[in-house]
Amino acid sequence: MSLNNKPSRQLNRRKFLGDSVKSALGIAAGLAVPGVLSGCGTKEIENFFQKHFLELSPAELKSLLARLERENLKKYGKSTVVSAKPAMPGVLFGYGLDLSRCIGCRRCVHACVKENNQSRDPAIQWIRVLEFSKEKGIDFAEANPYYCAPGSGAGAADSSNKLPAAPPPQLTGEQKQILADPVSQYPLYKEKETEGPGCKVPRPEHFYVPISCQQCENPPCVKVCPVKATWKEPDGIVVIDYNWCIGCRYCMAACPYGARHFNWAEPKLPSEDVNPDMHYLGNRPRYRGVVEKCTYCIQRTRNGRYPACVEICPVGARKFGNLLDPNSEIRYILEHKRVLILKNDLATRPKFFYFYGL
Amino acid sequence: MNQHIYSAVTAIGLFLLLTNVKPAWAESLESASNSPPVSDGIQTPAPPLSPDYFPCTTCHEKGKTNNQRRQLKTDHTDIVFEHDEKNRWCLDCHAPLDRDKLHLASGELIEFSQSYRLCGQCHGPTYRDWKVGVHGKRTGMWNGQKNYFLCVHCHDPHSPAIKPIQPFPAPDKPTGKPFLLGAKNK
Amino acid sequence: MNDTKHIWRVFLLVLIAIAAFMVGRLLFVPKTFGQFGHYRAANVLEQRAFPVKYQGAESCEPCHADEFALWKNAGHKTIVCEDCHAPYDSHIKNDEKFADMEINRTADFCLRCHQKLTARPEKFPQVNAIEHLAEFKMELTDTVCFKCHGPHDPTPKDPIDKTVTPKTIKELKPK
Amino acid sequence: MIRRDFVTKGLGGVLTILISRSGIAQALTGDGKTGDTYDWEQHDYAYLIDIAKCIGCAMCVRACKRENNVPDNFVRTWIERYHVLDFNNTIVDSSPNGGLEGFKPLAEGSGANKAFFVPKMCNHCNKSPCEQVCPVGAAYHTKEGVVLVDPKRCIGCGYCIQACPFGCRFLHPTEHVASKCTWCYHRITKGLKPACVLACPRGVRQFGDLKDPNDPVRKILLETPVSVLRPDLLTEPQCFYLHMDKEVR
Amino acid sequence: MPIVNFLKACISIWLKGNKYYWAWVAFLGVLIVSGIAAYFGQIMHGLIVTSMRDQVSWGFYIGNFTFLVGVAAAAVMLVIPAYIYHWEPIKEVVLLGEMLAISALVMCMLFVTVDIGRPDRMLHLFPIFGKPNFPVSLLSWDVLVLSLYFVLNLVIVSYLLYTGFTGRHYNAKILIPLVLISIPSAISIHTVTAFLYNGIVARPFWNASILAPRFLASAFCSGPAILIILFQILRKVAGLRIKDEALAKISELMAYAMFINLFLFGAEMFKEYYSHTEHLIYTKVLLFGVGGTKVHLFTWPALAASVTAFILFLVPKTRKNFYTMNLGCLLIWFGVYTEKGMGLVIPGLTPDTLGEIYVYAPSLTEYRVAAGIFSIGFLIFTLLVKIAMPIMKMKETNPAGIRLVKPHL
């Protein structure tokens, strides 16, 4: 090399610019390399080139669903049905939760985990039941989600960050039976009194507020998603395309209700617990590194069924229906009961209404 | 004689109570009739009857009754009666002459599977809410066939307040992997 | 040496300023200010000394025992006398009547509570005045309500207009 | 002469201050010497409003105006009517003059799904923003938790009116000072209820003392989930609401 | 092929160096390898190896990202007077500033890459390949302006180096428009990053309209603070001639920026404490710690450092003294790094939207990956400077060449 080497005038700046753009692209490609490293194999390559859900042609969608079913069969040894049923016309889902009835038994949490194929370890739970004292009212600074945790005495466990992760919660046989057949929990008052630690709900002077996705009419999470991986369906359900989400977690920062959950590790789902009735936008098994959330059990509700949490609730605190149908339960609640929504001032306009049935 | 007078007084009292209550919620019932019609063929799971006892007529002979208000000593001692116990007793709800049935204030005999009508006599607004599906639980289809649960599936008719139950497991506390700045979570 | 003089002058000025402030404070800040907080404590007593006007139903009993008894046992017992009449102190001063009691007998006043409104609790007795009166072939005029309903006992048995009795009401009402 | 005068006057002033101060202290703490048994340290008042019971008759507004000589076109307590048209659309009216004239039915076909009345008044916040901003110490808190305005101290700057999140203060049209609900301080210190509570025919409004262990209001507050207006501002309102809907702001 | 010659020349320059150079490169290399290894572990196991959880879903990575966006944006501060007002003493440092911007931007992009859960789907962020939620999502704006700013700086720096290498004078008709575009994009990268936080209504600590001005003010401190120290090192190591006057001028500008930064911080604190709403708890996390959070242990030293640095740069005597100037730079760096890194992210996310307090502290993986990324950035900067050095030195002896450096002092 020589500094005296005079370049020809012909080497114009355009060429130089072209080169620099190429090198920029090269760097961009370099950035993508670790990503490609993250998964090897044809499945990932197919995933990599998959289109956005809303842009798939019917044929592509069909083959995609078939592919997902094949993958599920391979992974869980169980034949599953992955549907992509669209919203019914003239339906806008609304949810009611009777705060004067909820006893905080967390059956809904675990029914949801089971129905929606949530990861068992690390445990992801779409519903979070918060305990408040009646004296203080709904004050999130005083909320306790860990009431009745083992070894916690009355309140939250004082665990250290340094301790190894606690084993995921184990359900007793009786609890598993209740989840399998919700009717088996009745009559409610016959429940055995002796089992487990002494903590029973409702605890005196406390009330409970289960919180899951509020399916906002004006969802902040959808607004911030940089890649349109999450959107609001015509029936009001906010859904995520797990094959499009880049895992930036901006939506989690934006959600005022803590409703979105991230797959920090590869989700663990025992084959025997897989719910084979799946929806592409709902409870199909998720991937590591994507965000997931409650979809009002889209795989059930789009077929006219109640969500799993409504079916399991032992005290009937949970109500579900079509807001556009004047005869629906949810409309009755809105018209006759005292209704409360969380964080009203944020103008997210949730379609999840807490009410006082008394 | 005394017990006859007693039950007559209770019946009249109950009747008065009902007639007083009625105007308030009768109107609401009408307005509620817009909602899906609730026929008496409401589908409910079988009422929670103790298989040890039912049918009651295995012990209680039809057509015979002891109208004496008393503390039960030999049978049904497991029943805790905390349901306006000062003003009512067993035979306000259970048909005296046919223990396989319940009876309304009007005297009409009803099956155990229709017990909601009995409860609705006093708990008018709750009955109204239950019929439109806002009180109590429903399963099935949100836009179609719904299964109702009876009042007695959740509420012990003899002691109706909801009893505390065992909750399902609490969520995990998040545990990080802090390095150097190990911190205790409160 | 000159410097010290300057310092003294400044010092003196500051002293004067402080003194002026103290004097000003003495003159302008009310005496009881700051006794219990950043306010004038005497105002608490001034606020207390404000005259009481509403004395409650019991204050009416000594003179109007009959009306009181009627009212006490009837449907309007939750409405204190002074709601429909006027405050005690516009009628009595120093235990002596000095002015007639103002009484509002207009139907409009009755309808403030009993006009049918969607916002009212369902159980509360309320009517659509025109329709209700039409049932009895009456028209909406002032004092029309008292034809059937007594103000102290509103159930239609003790009306002001003695020509109306529960029996005539039954006759008036269309079958 | 002048100096002596000054000294005597000054001494006299100090003495009067001492005397009057102890006198006020006695009067307020009710040590018996003034013949007044009311002790402001023995009370902590709270107000409870049950929305479900309110019929919107506005007897409370009338009583308040008469009891406290509230000037025309101003109210210290008022009633709002909420008409919820559908789950995202609500009309609020405070039918003329804070409901003083009563409420008339809305026009036909307004199609309200749900409607209710909400009485409002000064919340007597424990951490009141109006008091915080007052430049002259005219707005203050008594030991019972009542927020009062000293009309002799107030300069009528109107800052407190801007600061109140609930719109409870107004500028008195003739006295030109801030004015607001006092919970009928002259009545409650004599053991009477505030005029609005007395006037309410439906028991919507209740007044209680949190330092009295047998007080029914205290019991309700301890056992029932009650709401307050604008809890996010942490002003700690002492007016509590029962049966409040999401629409109420 | 001059471009090939240029690249060849670059490589041969990179391969030449004394033992300090090689020690420095080796040190960075070790950190980079360690970082790559840690990142590989993160790829294998997922982000569970970090300390981030649902309750605190952004952490150390995003904090560093925010800080470095500020560093990158600060290059503009040197560009404005140098190019627009032809203010000579600063002109000579502009090239270095832009190089710093490039390295900072590379670090920014790497921090984003390591933070996201599915880096294999990065392309979804870009048009044609994906579906950017463009006008609505601030993150898509961020991608746009960061890319734009990155390309601009890359072009400007490459062009200057290349013309320098070929011994020609740069063409002002090309360069000045590029520089003019780079000024608003420099401001916008930081403003957009501020808006990215600012637009989140669920997080009251961030949802303050003062955030973007604060970001800019602190960026105008942190970027130059790093530059001043780097310039001095380069003067010693590479013999680059940068005038004292230039350094003093930069530190004076930093004093003003720091004043604005502190003032805006004070304004924010006043608003929070005076209004005393439920949102105050986040400020309490920042200043005093709530439920075991530790960030307040850094806040106070950082504030003290910022105030001290402000005073040091305000007083001409200390501003011109190299010891106090360097001390001020270190203090500013510490102050702004804390304020805009963890001091922004932790109180923003703790307590979470449902009131739960999860005490976040970075994991070893996060430290290693972050150290690796910083090393990559420093390595890039080192290599860029290494190329620039002989060219600039050559120009000093060749007054006919580019006017990046004045021929004589």
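Letters A, B, C, D and E mark the chains in the order given here, with residues in each chain numbered from 1 onward.
We adopt the following convention: a contact is a pair of C-beta atoms (placed from the backbone, for glycine too) under 8 Å apart; a residue touches a chain by one contact, two chains touch by 3 or more.
On a predicted model such as this, the values are computed, not experimentally measured, just so you know.
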| item | value |
| --- | --- |
| If a chain touches subunit C and subunit D alike, it appears here | none |
| Central chain of the complex, centres being mean CA coordinates | A |
| Chain centre separation in whole Å, for subunit E relative to subunit C (CA means) | 67 |
| Separation of subunit B from subunit D, taking each centre as the mean of its C-alpha atoms, in whole Å | 45 |
| Distance from subunit E to subunit D - Cα centre to Cα centre, in angstrom | 54 |
| Residue numbers of subunit C (touch at least two other chains) | none |
| Set of subunit E residues in contact with two or more other chains | 50-55, 278, 359, 361 |
| For subunit B, residues that touch 2 or more chains besides their own | 175-178, 182-186 |
| Footprint of subunit B on subunit A - complex, ascending | 91, 96, 98, 103-107, 109-110, 122-123, 125, 128, 145-150, 152, 156-166, 168-171, 175, 182-183, 186-191, 195-196, 199-203, 301, 304-306, 310-311, 313-316, 319-322, 325-329, 332-333, 336-337, 357 |
| Subunit D partner contacts - residues on subunit C that touch it in the complex | 26, 30-33, 35-54, 56, 76, 78-80, 82-83, 86-87, 108, 111-113, 115-121, 124, 126 |
| List of subunit A residues in touch with subunit E within their complex | 1-3, 5-8, 11, 13, 15-17, 19-21, 24, 27, 31-32, 34-39, 44, 48, 52, 55, 122, 128, 130, 139-143, 145, 161, 211, 220, 223-229, 244-250, 252-258, 260-266, 287-291, 343, 346 |
| Contact footprint of subunit A on subunit E as seen in their complex | 2-3, 5, 8-9, 12, 39-40, 43, 45-48, 50-55, 57-58, 106, 109-110, 112-113, 115-125, 130-133, 136-140, 143, 150-151, 154-155, 158-159, 162, 165-167, 171, 174, 196, 199-203, 278, 281, 348-349, 351-356, 359, 361, 390, 394 |
| Complex interface listing, subunit D residues touching subunit C | 10, 13, 16-17, 20-21, 24-25, 27-28, 40, 52-59, 62-63, 66-68, 81-83, 102-106, 112, 115-117, 137-143, 148, 150, 152-153, 182, 185-187, 189-190, 192, 195, 198-199, 201-203 |
